[in-house]
Amino acid sequence: MTEGDWAALWVTLRLAGLTTLILLTLGTPLAWWLAHTRWRFKFVLEALVALPLVLPPTVLGFYLLIALGPRGMIGGFLESIGGRPLAFTFAGLVVGSVFYSLPFVVQPLQNAFQAMGRRPLEVAATLGASPVDRFFSVIVPIARPGFLTAAVLGFAHTVGEFGVVLMIGGNIPGKTKVLSIAIYDHVDALEYGHAHLLSGGLLALSFLLLIAVFGLNRKFQVVKT
Amino acid sequence: MTEGDWAALWVTLRLAGLTTLILLTLGTPLAWWLAHTRWRFKFVLEALVALPLVLPPTVLGFYLLIALGPRGMIGGFLESIGGRPLAFTFAGLVVGSVFYSLPFVVQPLQNAFQAMGRRPLEVAATLGASPVDRFFSVIVPIARPGFLTAAVLGFAHTVGEFGVVLMIGGNIPGKTKVLSIAIYDHVDALEYGHAHLLSGGLLALSFLLLIAVFGLNRKFQVVKT
Amino acid sequence: KALADSFEAQSDHEIELSFGSTGKHYAQIVHGAPFDLFFAADTLRPSLLEERGIAEWESRLTYAKGRLVLWSPKEGYVDSTGDVLVDGDFRYLSIANPKLAPYGRAAKEVLEQLGLWEKFENRIVRGENIGQAHQFVMSGNAELGFVSYSQILHPDHALEGSYWIVPPELYGPINQQVVAVRDSPAVRDFYKFLRGSQARRIIESYGYELHHDTRNRCWPRSSR
Amino acid sequence: MIECRFQITKGSFRLDTEMTLPDRGISALFGRSGCGKTTFLRAIAGLEKDPRGRFKIGDAIWQDDSLFLPPHERSLGYVFQEASLFPHLSVRRNLEYGYKRVGGAKRRVRFDDAVSLLGVDLLLDRRPGELSGGERQRVAIARALLRSPKILLMDEPLASLDEESKQEILPHLDRLRDELDVPVLYVSHSTEEVARLADHLALMEEGTVLASGPISEMLTRIDMPLAHRFDAESIIEATVESHDERFQLTVLRGPVGCFSVPRNNLPTGHPVRLKIFARDVSLTLTEPVNTSILNIVPATVDSLVEEGPAQMTVRLAIGSAPLLARITRKSAITLRLEPGSKVFAQIKSVALLA
Amino acid sequence: MIECRFQITKGSFRLDTEMTLPDRGISALFGRSGCGKTTFLRAIAGLEKDPRGRFKIGDAIWQDDSLFLPPHERSLGYVFQEASLFPHLSVRRNLEYGYKRVGGAKRRVRFDDAVSLLGVDLLLDRRPGELSGGERQRVAIARALLRSPKILLMDEPLASLDEESKQEILPHLDRLRDELDVPVLYVSHSTEEVARLADHLALMEEGTVLASGPISEMLTRIDMPLAHRFDAESIIEATVESHDERFQLTVLRGPVGCFSVPRNNLPTGHPVRLKIFARDVSLTLTEPVNTSILNIVPATVDSLVEEGPAQMTVRLAIGSAPLLARITRKSAITLRLEPGSKVFAQIKSVALLA
């Protein structure tokens, strides 16, 4: 593997890790709210969350690019408050990936929260656990399969995604060039040997990671009757 | 919208619909098995299911294409039993999409099945419901949020996906050219007006569909304590 | 890429490359991508950039001309006159998307010239770019396809199969242009390099024709 | 007859039962928490699989070495220990779930009957999440009844019900037993309920059946833990002799002498059972007079067992029927009771149950 | 004192209670299925929100017009009607959950004590899914105790426990009340349990509190439904007089005369309560002799109430203490009982509870 490939791998891992973290952070309260609200129009929001999925990634990336660019809504706003534009930066990649992978995180979490019901939380409250305490001691472990699915889908999808990333990131080595783009480039340049190598490596690495995650999960299985 | 666009829309809807159907059909028993088996190495299988996600779609499509080709494993096997090769056919598209979207279906279902536990099934059995009967009268309604998520993610992802589809389908108008490719083409060809139109149309259509799905779902909400 | 390596070897500038489809990069540059040079596979988008004042005025330079070939990995399948097309004894013919890629446009023109476009409409598979067109053929799923001569001459692969170099009369020229998005000493150096003989040798060795472009000889104007 | 044999291991717990139960009437399953009652019921329902288990009810074999009927092919109604209603169905649809899956010809319990019997009329359109604990339990009982089963398995069905609801439901279980001839296997911790309902009693301890037999025998067998309990009791069979309109009493003929109980409408000659708590029986040497106790029968002391330092259980014979009395050791000694002593057993009439 | 007032609407059900309870001892909540007991407990725990509700315990205000302490800041132990253990934690970690969240200084129940008291020692490493129904319930009780709460809310905690387990746990609840001085609010359908445990009784009906008062008053008030029930009972306060070593009896001094009960180890002069079922009391006009009944006290008839066509409840006065007797109408008329009649009440000694 070339130095460039290592750089791309590093960008990929940082991007996927950070995106997953942000997704879980943003997705959890949103999913919790969706799971428990009685708001009549929550289904509209649910539909909105899933919507980015139906656009081809490159096209979605294109629109995000327009929005993030100096003349776009978000970009213009950022510029007006003195921020730097997000397009072609690592931060921009993160924003794009978060946006695109949101449904993979929100939906499994929402289901897990719904299936859990309120009872365990009520019990925890009567046992003296504060809301934050309850979140970590009850919600997270009971909804663990949901969190796991959310994290795995969010992470894997970000690793593999490249349409949005390519569009927003501009494929700048060491900054926004991720492994998926590198592989794509190799394939495109007919460097199949190199592409096979990278793909194989990525697959092996991901497989090990997933094995570790699911293997650990096994240890904490909840027996249900 | 041109005639070609309508054709692409039609192919897209057929593809996404069929793929979702097949995914649910294949994914349900797999997810059920994963949810209830005590097999020690099931986590390996779980990791395998999620693996296709980490490859960029175009690259995955590339490998699928090689596998489906006359010298590939699947293609060679199909040819040897007298079947027609799958590349550049609608059937091939379906196979590719199913493969690629499998984790979006298996994982939410598996979680739903796990959260449900065995008790409702036991009750149903003592009330005289046969296994098939139990599936439709108990598993489906109780795991409904899981099925919904699986279907929505699977469908939307297939609509929006275009890397794999392009690779395996070869973008033949009326046959394997889907809407996502059409939009992509327009963007790439700088026909932004047309691209906006199609994207807008696709978004609106999908939004209506999702609204309908989530709206209906609302009506059947299960009250949990 | 080979050009970049060689440029880096002979100057003290470093180049970072970003590959991707011409259309995508065009969109990115319009929205402020930090690129200095834009190598396009066509002439349309560089000229658009120039016209919109995003790229340096008159910095367009046609550095090469692509050559279209009809290729099949099977030995002896494609004859040296392209008659295999007329026989039509194949399931799929692969081309690049005529709308997006100049090679695709060229392939379409060839087929139209031969009066075969309509006939094959349903058997033509379209790659997003010329790379995918090549992959369709390479994987054996399409028996033959119009690819670029540079692809089958690729130094990493032994030339295999059979091919027909399509006569340039059958299609409009596939001019590959570069445009300077920003002006800088490095960019100027690169332009100088590109016009030099070493670059021309590399370009030719990759199966491109050289283009004798006069109009753009003036950039960068030394007077600036 | 119902014959069953199961060997089931769950963690460190092992159920190993072999038992014969009558295939009519109510059989109570009695035993401490964790002794395997629920596991036993689940095995009968086919929910716990023992490949070498055996279950035969009447002529129908549900499982043996070569056969294993899956749960849904066993015609049974199961009231789980936790109500276990389907959370996604309304109460009505919960009830209909089993009802609809019984062929019309086999239906022997009417929908409206079960609904009104268990007092769930007003709850039909609610979701299980909107019910109180006792309401859920009642719905679960109704749902099991509506299955029109060949056998009814009930795991503490009345545990979370108030006394009044119990009093309303119990007679109907009686009726179920009598009219529909459905055998019932009933887990309960309440001796009161057991004595009131059961015809047969099986005592379990740590996964095995300690003893099993007709209720009157089991309750008075002095070697059985039940007879030593605070609320030991005897069951006496009797028939309706006459009705006393003035005082609204019914006179029953027992093995020796008569018993008065509150008036009922049973025809003369109808067989009934009297349940008598050992602690409700007091003994005198001379026939008491001027007392509010109506039921006084002559009896013979059969045996005496110490019951802790201060008390004794006296097993009496009235005619051939056994009757337990719990008295203090002081009284036993003061009255010089010994096997063969003739005494009068005074039983408060209101303590007799139909 | 505990003062509470809640108005809560759930569907068509409306809870509207206003009540004052003593802030020590055990208060029983009694009422039919669906009358709102669980809702009431939930309101106290802060799980049902009534913005205009009020709850005050001792000096601490948990909620009123301007204040609403969230559940986790209310120091209470809640045993839910369904055991509701955390499915993802072992029994040990379930128990520790509340225990760990109590500051060391505030812990008044030791971990090992609660574990052995509820007999869950052997279950500590199991998951809730691997427990029997009664075992789950015991773990839930232990978990609530380990919270060392200021008030204990128990929703039918003993419903699925066998008699022996109950007998083991009940004395410890007594102790909890006496030693830790934790008030307990206890929902139960068993009059036996209530009479055994409770100091105070609140009767609920359809969301309202029908009556509330000290147990001895409530059980004998003839206008209260409880006194009319089959198992109506009276509570009599007495003190330990002496111990009879020979017959292992303890003699208690009541309002009039003495009562013998099985020997206990209470010091002389210690106050105790006697629970007497109305149906365990029989009346005679002349003092009985040669009888196994030890406890015979002179009494005066206070009032008589018909109890259905065949029976009557007689309210007696022994000294100043009220005592209920249930006899047949026939006996009442035969013995010519009327207010003011002098009678002897015979009470079987074994029917007295400490």
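The letters A, B, C, D and E name the chains in turn, as written, and every chain counts its residues from 1.
The rule we apply is simple: a contact is a pair of C-beta atoms (placed from the backbone, for glycine too) under 8 Å apart; a residue touches a chain by one contact, two chains touch by 3 or more.
Computed from a predicted structure; not experimentally measured.
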Please report the minimal path length, in steps, between subunit A and subunit B on the chain touch graph. 1
Shared chain contacts [subunit A and subunit E, defined touch]: none
Chain pair with more C-beta contacts, A-C versus B-C: B-C
Which chain has its C-alpha centroid at the greatest distance from the C-alpha centroid of subunit D? C
So, comparing C-alpha centroids, which chain is the farthest one from subunit E? C
If you average the CA atoms of subunit A and of subunit C, how far apart do the two points sit, in angstrom? 36
What whole-number Å value describes the gap between the mean CA coordinates of subunit B and subunit E? 60
Centroid distance [mean C-alpha coordinates] between subunit E and subunit D, Å: 26
Numbers and ranges of subunit A residues touching at least 2 other chains: 58, 62, 119, 187, 222, 224-225
At least two other chains touched by the same residue of subunit C: list those residues. 24, 27, 132, 135
Among the residues of subunit E, which are close enough to touch at least two other chains? 130
I'd like to see which chains touch which, written out pair by pair. A-B, A-C, A-E, B-C, B-D, D-E
Subunit B partner, complex, touching residues on subunit C are 21-24, 26-27, 44-45, 48, 91-92, 94, 97, 99-100, 121-128, 132, 135-136, 139-142
Quick check on the complex: what are the subunit B residues that touch subunit A? 42-44, 46-48, 50-60, 62-63, 103-104, 107-108, 110-112, 114-119, 145-146, 149, 152-153, 156-157, 159-163, 180-181, 183-184, 187, 195, 199, 202-203, 206-207, 210-211, 213-215, 217-218, 222, 224-225
What residues of subunit B sit close enough to touch subunit D in their complex? 119-120, 122-131, 133-134, 137-138, 141-142, 144, 220, 222-225
Could you pull out which subunit D residues touch subunit B in their complex? 45-47, 70-72, 74-78, 80, 84, 86-89, 97-98, 101-102, 127, 129-130, 143, 147
Provide the residue numbers of subunit D that touch subunit E in the complex, in ascending order. 10-11, 31-34, 37-38, 81-82, 126, 130-135, 137-138, 155-156, 159-165, 167, 189-191, 229-231, 244, 246-249, 260, 262-263, 279-280, 282-286, 288-294, 308-311, 325-333, 335, 346, 348-351
